[in-house]
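First chain A sits with chain B, and in the next complex the same chain sits with chain C.
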Partner chain A sequence: MRMVLLRKSQVQMGETISVVIIIVILIVLGLVFYFSLSGSGVEREREEVQELDSISTAIFVSRMEEIKCSRAGATTYACIDMYKAKAFHNASSSGMPREIYTSLIGYANVTLNMHYSTQKNITIYSHEPSNISGSVTAYMPVMVSDPVNNTQHFAYLEVEVFS
Partner chain B sequence: MRKSQIEMVGLLVIVILVVLVLFFVLSFSLSQPNDTGSRVQEFVDDSILNGFALVLLETSSGCGDYNFKELLEDNATQSFITCEVGDNDERISSGEFAEKNLERLVNRSMNFLEMDYEFTVTLGRPGGGEELMRIVKNGCENARRFETDSASFPTRQDYQPVHVRLKACW
Partner chain C sequence: MKMVKNKGQVEISFNWIFVLIAGGLILFFFITFIVNQREASMEELGRRVQDRFDSIFTIIQQTPDSVQSFDHIATELEFMCEEGVQSYMVRGSSAVTFIDSQIIFSPRYIGDSRLVAWTRNFRGPYPVTPVLYLSDDRNMFYFIDDGENGFVRDLFNRFPDAFQKELIREDNPGLEDKGYDFYTIIFSDDSRSEFDVTLLPDDSYTRIRINVTGRHGDVPYGEVRDGVDEDVVVEFVGYEMALGAAVIGDANLFECSKDRLLQRYAASNEVQIKRVHELWGGYQAINPDHRCGIIYNETGLAMSGLENIKSHLDGSVNYEDLASIMSELQDLNDQSRRIGCAWFY
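What follows is the complex of A and B.
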């Protein structure tokens, strides 16, 4: 009699344990799926922050007094002086000013993409980190002025920000 | 019904409820649009075109010292300017020259960004004025997303303003 009762309770326990295991497995699967989804969301948010960072860098560079066009002291909208840009690149490549601009621009490549005109591309700033895990590029239409020949060229300010 | 059977039914109901709750939570979180993400994307797309029309108008046209704005203004009004093309002193009107060179410039710059576009120049209010120029690549009727940039400038007092509009689409 005692043996029969023990078997029945064992069966009941087995049923209960198996159901609990199934519930736990379902919950774990749900959590794994949920966290993998939220993980991809975090990755997407990181990309968005990088994109915004590259655009704010492009806006900052296009408004830098060092390279902006000026005529009789007045500045022009979205205009970069070709000679100032070349001079800025030479200066920023020579060591000391780079440290100043690294804190302002960070790790980035800034280029004036001028393949729409007969001019060659102009590198304004270049500072790459030793370990590059990724990069995002932003484009901004700007006018590149050549005050010597009195011509204006259409260009894209290309800003590649590294992370 | 035995007590053990009732227990089993109870547990089965719990399992079904848990599965249903998980299903609803996941389907809800998947169907929720990422509002911040789309706004960021809009801002990123907008920044690519921001000021495009204005920069284009100020660009040197290659016809004397005139920029595209001056050629379009001339084309919209008295049409005094003629531009030299080729090596045999052939001259064409400001409008023809502007259209030819703007088409090349817009085409190259938008191809670089891998975008389709509609570029229009109208005399008078956009949509209702006289269309002076229209450069289209594939059009934007069936596009998923589009961004526009435009600029206007006044001509002589007797004439209406010229409106330049670029609609880029993906």
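What follows is the complex of A and C.
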């Protein structure tokens, strides 16, 4: 094998190129590390936002005047009128009310779970996106009032928010 | 004289050129990266501030008929309305937040001072939605007195004390500049015809004329005219809308918020109609000829009232008729209870 002897200038050029290549590699590694860290942060934040979203949707729905119990013009906190809940589902399923309530609630399923009574569960609102990438569910205890039979039941509101 | 460089000299020059180009590229890369990061963080900051305001607005609205103040809000908000879509943005940020779930009446600019939020329930006559009125320590409301039974004086009395407000009586010489950034002058046809605004700095005030045409029960109806462009006339029904016009001080912005409120009213009315169906179904399960049929059956008083409201909200609204139906349904609520039926609302 023939040995190749490099001249001094060629060695210097090689050194310079090596230094630049190493610096570029370090920069690329640094960027990959930075973006992977910030990417995982974004993912974590997205999950947090989704959870908060489901809780705030549950609070918002439970406090909508359209479904709250009312008595002499005053509405009651954490109490849902059974007939209003059914009516809300019927009204928000089509036409103009659907548009309005979709803009307020978004893609979600809201169910009144009457687990602690003989009554059937009541779907209050249902609007699922065509492509579901995930969902988060929040629960909220409420009182359900039946103003016709003058009875009240314990129930919980199940709010599944889609993303 | 021709100079011939030797190989060593050429090599040193080449090294310097190489270092300069590589260094320049690296420097350019970092500067671009930092600038992009700075822009992204500014956007992020704006978004976070808007998220915070969104939460504040939602929370405030959950406590109807309350006044809440927030110590120095460091950011300034600009409220806008384009093509029926209400939105706000934080000054200095390009991100716009569209207002979906709240009905907000606010002057165009608020913030960078103590924020005051006031909520009332819009009733049709059943509770429809909380309405949020916003102001701050930089906005002053001058009400030009229109007498003992005047509507402007009535609105003044209904305004919370936490809002910066003053009733300008007949003997008051003029509207003083008291150091506020913005003044809203509210007057009616019954207010004195001339009021002196020369002491107020130009572009620091807006005028709005609010006239009540009549009342049915305690439901007033009337019209709002822009103080500058008198051709802009917007009708209203109920105190919540009239108060909204006074807070906004701009007929066009008021019309935008009012339209959103009417849309919500129409949707809520559909729910009420369906509820009456459901209630009547419940009563029929007990007794097909239940006495509550007079109110809740298909031709009952509740249904006819709600259908009347629907016909108004679907077409062109006659505000006088709407006020009349609202008032009738108020009476129906008491009537339903008197005969032992479920509260209408």
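Assume the second predicted complex is superposed on the first by the 144 of 163 C-alpha atoms of A that agree within 3 Å, B and C clash if a C-alpha of one lies under 4 Å from a C-alpha of the other, contacts with A are read in each partner's own complex, and residues count from 1 in each chain.
Keep this in mind: a residue touches a chain if its C-beta (ideal position, glycine included) is under 8 Å from a C-beta of that chain, and two chains touch if they have at least 3 such contacts.
Keep in mind that this is a model prediction, so the values were computed, not measured.
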Which of chain B and chain C A:Ile100 touches, first, second, both or neither: second
First, second, both or neither for A:Val142, with chain B first and chain C second: first
Chain B versus chain C as contact partner of A:Ile27, first or second or both or neither: both
Partner chain(s) touched by A:Thr16 [first = chain B, second = chain C, both, neither]: both
On chain A, the residue positions that both chain B and chain C contact, one per complex: 12, 16, 23, 27, 59
Contact set on chain B toward chain A in their complex: 4, 7-8, 11-12, 14-15, 18-19, 22, 25-26, 29-30, 34, 36-37, 40, 43-44, 47-52, 54-56, 58-60, 65, 67, 105, 108-109, 112-113
Residues of chain A that touch chain C when the two form their complex: 9, 12-13, 16, 20, 23, 27, 56, 59-60, 63, 65-68, 70-73, 75, 81, 83-84, 86-88, 90-92, 95-97, 100-101, 103-104, 146-149
Residues of chain C defined as touching chain A within the complex: 7-8, 11, 15, 18-19, 22, 26, 29, 55, 58, 62, 100-101, 121, 123, 125-130, 263-264, 266-268, 270-275, 277-279, 282-283, 286, 333, 337, 342-343, 345
Parts of chain A lying in touch with chain B, wherever the complex brings them together: 11-12, 15-16, 19, 22-23, 26-27, 30, 33-34, 37, 41, 44-45, 48, 51-52, 55, 58-59, 76-79, 113, 115-116, 138-143, 150-154, 156
